[in-house]
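Structure provided below as structure tokens; questions to follow.
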Amino acid sequence: MFRSRADVVFWIVLAAVFAAGIVATQTWSNEYYFTAIYAILQATIMAVAWNILGGFTGYVNFGSAGFFAIGAYTAVALDKWLGLPMPFLILASATICGLMGLGVGYLTLRLKGVYFAIATLAMAIVLETLIVNWSYVGGSKGVYILTPETVPFFKSYIHLLFVVMLGLALAAIAVSRYLNASRVGRGLAAIRDDETAAECTGVPTLRLKLISTTLMGAMMGIAGAPYPFFVTFVDPASAFNLFVAVNSIAMPMIGGTAHWIGPVIGALLVGSLQEIMTVTISSAVNVLIVGVMLVLFITLAPQGIVGLVQKWHRRGKR
Amino acid sequence: MSAPILKVSGVSKRFGGFVALEGIDLELGANERLGLIGPNGSGKTTLINCISGALSNESGSIEFEGQDITRLPPHQRAARGLARSFQIPKPFRSMTVLENLRVPLEYAARGRTEARRIDADAMEVLELIGLKGRANDSSAGLTQVDMRKLELARALAAKPKLLVSDEAMAGLSSSEVDEILEILRALNARGVAVIMIEHIMRAVMGFSERVVVLDAGRKIADGTPEEILHNPDVERAYLGE
Amino acid sequence: MDLFLNAIVSGVLLGAFYAAVAVGLAITFGQLDIVNIAHPAFVVVGSYITWILNSRFGLDPVLVGVLAAPVFFFVGALLYRIYYAAFERTGQESLSGLAFFFGVMFIVEVILILVYGVDYRLVSAGYLGENLDIGFIGLPLRLFVPFVVASAMTAAVWLYLSRTFTGRAILAVAQDRLALQLMGADPVKIKQFAFGLAIATTAIAGSLLIMIGPVEPSLGRVYIGRAFAIVVLGGMGSIPGMVIAALLLGVTESFVSSFAGPSWAPAVAFGVLLLTLAVRPSGLFGRA
């Protein structure tokens, strides 16, 4: 954990950000900021999660909305059925979505590249249709969520969820960073670069892919679990929102997929831009902006912002 | 010979209606240099794919060091010491030359390597191959020759007991062919068995202690280079009736 | 029994329409391996153009579709140029291409929302409210006219691809670029033409779509599943296979809709797609 000075710096920054978050809940009065930053934190977890399978391992997942929504609806269903507290809901969502990820991992055996991507999209839509037809969680009409009036330590439930989400996002980033530099991470990179060669140089490709997809699934489920409680109303249209899926792909691609910090940069940059746009112009423009940025970056800067920075760095050295 | 390191018995492989391999029997001694030749399409690469595990054979068995590996996936065969290089090099393009070698050292050779020595071991292999100066270069921008060398280097970094070299010399100049031959001889001198698939006759015949000839999926000859050169079946296979 | 027969009939009518939607994708994805996930979005654009010209000038929807087709052709050719310059020439993985078209799809949908809002749009034409009665089967003209036009268009495309030089060149370019070049045809120009042709079909398909029912900007999404399911199930590169798959899908959806409820309809297409990919990716009639 503390192998180098960079590690120490990283953990200090993480702790500082977390502390700042707690301080913010005690000092800020404008509730809007919490909502806006919550959205960015959620997007960060989704982007980091997506990147584990997409950027590190090279399998593009178009069904992120499916994992997120199942995470959200698992929490809704368990809350309705058993009234479990948030930590258990998060754990349950992580488990269910992790298992989903495991299933998707086995799918990689049969499908490569584009076919895998299309299959994940199909999976998400099928899941959405199942939820739409499941009246226990409100079907297509959606369901309202009751949240506690008072909470220990914090002024409101929103503040509590905000801090929880902040902690989860920082944890996700730490896990992704650890993975990127680990032996498993190097194995994933080998799979991404050439799966056959990886297998023949001793990389247990199936096992690593399963780790990758399960981790991604669990993280996305974790991102989804608090969502219904934060917005207090959830329906399939909002949970399975294509926007969630596109963001989870666009943010890592814009930030840079090979490095753990890429999705973080992408989420912070694009997320902030989107919040500003929503407030100043309209929320429909957001979607346009993500689409345009995705197309621009993919055609002109496929290595993302991290890639551009690395290029300028190298040019500067000469 | 004393217990063979590799024993292929009755291996057959079909693709739909096409029979690529039919009842192949093959044995390889622990430190032997075997050449595998045959006209194009005779099944050499298919046989190698079955041995390395990239393809699964319908019938027959493959034993490595006395253990049946027929059902093992490729990565486990690599871990046991069975390495192969690819005809068309498949470098890990996002990594440097050195990082390419870390993968086999950390995975296939994990049981035979100390974690602290990984980079040192990698540099040793690069030194042997002649790529030491390129250690920190991106593997994506290498010349043809260097890519072939990297391909071999990666197989060597797996610390194998048996190395299959699949047409590592195709398209290289005469001096480059000699460079590769040197590397393989040095490797064999360290105790590694080598199967060489090659079309360059002087290389195969000069290098191999024994040569196996395939034609249309069957083994048609198995003997010393001298015997093979004078075998009428072999002549017929290459030159036609 | 009545319900059963009607389900089959509307299934076949819809299936033929689905084939018209998917034929362009059968060219771009089935033949050229370009994953144009934005294909249904262009169909929706075609619907909107039909709506505008129909409500503004009273033009017949099918006429609008046919008139718009050449314009769409040029748009398609231009889009291919961009795609080629950014991806194919540099040899990028087709995954970047997929993400590219994903972005394009998004941009198209959002522009429609920004300009026209999320309300449903309809067309009106004299014959659309009427039925053609054959025995006890009622053929609603709003389904039957698209059926006829769709079938005609699909047949025309199929004949073009299999009989003309350019058409056969399109079928060939996927399989053997070099041979094509040796025959004196420029593969890039052929692909550009093919892509333009594919997008041109969306103009007509769009005009049919808005005849069948009201259209709003996100309607394209459910057609992604249908179009890809049809192309994959039919077998990449087989137009007759695609037609059969389209009819199968249309009938299956119709039955599910009639007996389980219309809210299950999207799952049919995407479920079929998922199943085909998992079990037999080469489809019913495809090349391996």
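What to note about this one:
Order of writing sets the chain letters: A, B and C. Residues in each chain are counted from 1.
Note that contacts are C-beta pairs under 8 Å (C-beta built on N, C-alpha and C of every residue); 3 or more make two chains touch, one makes a residue touch a chain.
Being a predicted model, the structure only gives us computed values, none of them experimental.
Core chain by CA centroid proximity to the global CA centroid: A. Among the remaining chains, the Cα-based centre furthest from that of subunit B is the centre of C. Subunit A and subunit C have Cα centroids separated by 33 Å.
With centres set at the average Cα position, the gap from subunit A to subunit B is 43 Å.
Spacing of subunit B relative to subunit C, judged by their CA centroids, is 49 angstrom. Multi-chain contact residues of subunit B (touching two or more other chains): none found. By the touch criterion stated above, subunit A contacts subunit B in their complex at residues 183, 186-187, 189-190, 192-194, 196-206, 258.
Across the complex, subunit A meets subunit C through its residues 60, 62, 107, 110-111, 113-115, 117-119, 121-123, 125-126, 128-130, 132-133, 140, 242, 246, 249-250, 253, 284-285, 287-288, 290-292, 294-295, 298-300, 302.
Those residues of subunit B that touch subunit A in the complex are listed here as 52-54, 73-76, 78-79, 83-84, 86, 90-95, 99, 102-104, 106-110, 154-155, 157-158.
Across the complex, subunit C meets subunit A through its residues 35, 82, 86-87, 92-96, 98-100, 102-107, 109-111, 113-114, 221-222, 224-225, 228-229, 232, 261, 263-264, 266-267, 270-271, 273-274, 277-278, 281.
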